[in-house]
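Per-chain numbering from 1; labels A, B, C and D assigned in written order.
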Amino acid sequence: MPEPSDRHAAMADFLLAAAGFVLTMVALGLVRVLYGPAAADRIMSAQLLGTGGIAALLLLAEGMRVPAGVDIALILALLAAFVSVAFAKGAVHWEHDGE
Amino acid sequence: MSLALNLLTVLAVCAGAFFFLAGTAGLLRFPDPLSRLHALTKADNLGLGLVVLGLLFQVDGLLAGLKLISVWLLALLAGATVTQLIARAARPGGTPE
Amino acid sequence: MSGATVYGLCGAALVGFGLFGLIVHPEPLRKILAFNLIGGGVFLLFGVVARKGAARESAYGRGSARQRRRPERQLVRPLRFEPEEQRPHGGLVQRAHCRWTLAAGARASGS
Amino acid sequence: MVFDIGLAVLVVAVAAWTIAARDVFAAVVSFVAYGLLLALVWVRLAAPDVALTEAAIGGGLTGGLLIGASSRLRGIEAPAANEKPGRGPWLAAALLCSLVSIGLAMIVPVLPEPSPTLASQAAANLAATGLSNPVTAVLMAYRAIDTLLETVVLLLALLAVWSLAPDRFWGGLPGRRQNADPESVLTFAAQLLVPMGILIGIHIFWIGSVAPGGEFQGATILAAVWILAAMAGLVEGPPVSRQWLRLMLVAGPAVFFMIGLAGFATAGAFLAYPEAHAKLLILIIEVPVTLSIAATLALLLAGPPERGPQ
């Protein structure tokens, strides 16, 4: 039977590893930002990064025992909505009255 | 008790991480924007949802739990709105509004 | 090498990339973006200095995650709590002259 | 440790892409990604206060501001894009910047450990402020003068933006007309997001005395919510000539300044608070300052008046 503190340490390590995994996945998705081709693809990968970043932040904050992590995630979620809408509207300007 | 909760956390977080994997693979591999959008929404809704579910087993206090759930709800709402806007713009001849 | 050092190197690289963008991009908006990258890098360097002022043991990162008893006081705030200084004037809020180590984090938090 | 290295590499890669991207839109997208990753870095550095601010201002608000600027500047920037430096200057710049980076990187490992810090003093005097978040104590008590000047700087920035308005639109509605369909999904989402956002903004403002948060962060959220509502066509900005709007803009710095002056009489120095009332006074300052910053940031995002007063 492992000591409780060991188990919690194992949990913290697991949460950190999960945060790293999610972040890696999202970083791979960022390759779409590089290649595009359409602005829509770029917004999509930004959206994926936003969600993944929030997930990684929550996992990280729980693993490191930072209680403010949830508040940061709340702000990120709210502002991700704001920025995505601004991007979507901005991208439409770019594609329609540009080029 | 705590062991069971931890086990649930590990399961849910792993499942969530899997959906992020799936979403990324779809975003990179699917041929056209609309199907890429389809892959993205899985990562958004289920990936983050399962991670939040997993972390819910670890929180102490009602407020922290409520905040976690509202993070997910906000992400859902934002995701649904933006995917609509993108899909309309991506459709041939589509306009955003 | 500690986690703080890794981020310090990261900050140094950010300053370099930002400076490069500031020089080679002719468009004003790209220059602003590049300038913001420099700002992020400089703040990161300040944050690393503050972190080194606060780190108790070398066990940064993994070690702190291993401590179970919510070590909120030491972990969340980069502050050391040592009763070495006694409060100078009792009556007033002491307007301590915070040097840049603490002010760096606080400035980033306020501006 | 592995996590830290991975995250640091990711941040640098995203920053490099911000510089290397061919079009401005892609650069702005990756700049927002950079802000989000930096927030994660600050959490790793055990500085949640900075992480919170980075999330609110670095990623969110700046992203919205830049995307607006990029669509306005497109016509103007096209000629500038042809002035790219040749190979020689390009290489010289690369060399110079590598040298700067290497120099900084060589300093990092030899920083004194532990470095000199005033953190213990800040903590020791915390009780006198009535606050329990030392960062808020630095911002509102120990270095209140900086915070006061910041609110004034924001106001001056807004005046600079307004001064770009053509004469015929002076005093008119800020920004372009938003062509939003009231039946669209965006309107529906905004109707849900706005009350939630206001609640979160007030929450972040309020917990600033005990936990990461505070007036700048709360105000940023309120400003973003207002702009979101404007983008969805739910609200139409007030003409910038309105008296109440201008009063709201200056209320924060004015109250701050007056309480600072009162410090001469009550506590013997500018911006000093008598200990018994420190927390109350800080709160009295913070409420109007939050409103002023929120209004200023929202109007900065909306841009100069571009439509006549109605």
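Heads up, the rule we're going with is that a residue touches a chain if its C-beta (ideal position, glycine included) is under 8 Å from a C-beta of that chain, and two chains touch if they have at least 3 such contacts.
Quick caveat, the model's predicted, so the values are computed rather than measured.
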item: Length of the shortest touching-chain route, chain B through to chain C; value: 2
item: Interface with more contacting C-beta pairs, comparing C-D to A-B; value: C-D
item: Computed distance of Cα centres, chain D from chain C, in Å; value: 17
item: Centre distance in Å when chain A and chain B are each reduced to the mean of their C-alpha atoms; value: 10
item: Computed distance of Cα centres, chain D from chain B, in Å; value: 27
item: Approximate Å spacing (C-alpha centroids) for the pair chain A, chain D; value: 20
item: Set of chain B residues in contact with two or more other chains; value: 70, 74, 77-78, 81, 85
item: Residues of chain A touching at least two other chains; value: 4, 16, 43, 45, 50, 64, 66-68, 71, 74, 78, 80-81, 85, 87, 89, 91
item: Shared-contact residues (touching 2 or more other chains) in chain C; value: 62, 64, 75-76
item: Interface residues, chain A side, partner chain D - complex; value: 16-17, 19-20, 23-24, 27, 30, 33-34, 36, 39, 42-43, 45-46, 49-50, 53, 56-57, 60-61, 64, 66-69, 71-72, 74-76, 78-83, 85-87, 89-91, 93-94, 98
item: Residues of chain C touching chain D in the complex; value: 1, 3-21, 23-30, 32-34, 36-37, 40, 43-45, 47-55, 61-62, 64, 75-87, 91-99, 101-103, 105-111
item: In the complex with chain C, residue positions of chain D that touch it; value: 1, 3-5, 8, 11-12, 15-16, 18-19, 24, 27-28, 31, 34, 38, 41-42, 44-50, 52-54, 58, 62, 66, 69-70, 73, 77, 80-85, 89-90, 93-94, 96-98, 100-102, 104-105, 107-109, 111-125, 128-129, 133-135, 138-139, 141-144, 146-147, 150, 212, 214, 216, 267-269, 271-275, 278
item: For the chain A and chain B complex, residues of the former touching the latter; value: 4, 7, 11, 14-15, 18, 21-22, 25-26, 28-29, 31-32, 38, 40-41, 43-45, 47-48, 50-52, 54-55, 58-59, 62, 67, 70-71, 73-74, 77-78, 80-81, 84-85, 87-89, 91-92, 95
item: Chain D to chain A touching residues, read off their complex; value: 2-3, 6-7, 10, 13-14, 17, 21, 25-26, 29-30, 32-33, 36-37, 39-40, 43-44, 46, 48-49, 51-52, 55-56, 59-61, 63-64, 67-68, 70-71, 74, 186, 189, 193, 196-197, 200, 203-204, 207, 211-213, 217, 221, 224-225, 227-228, 231-232
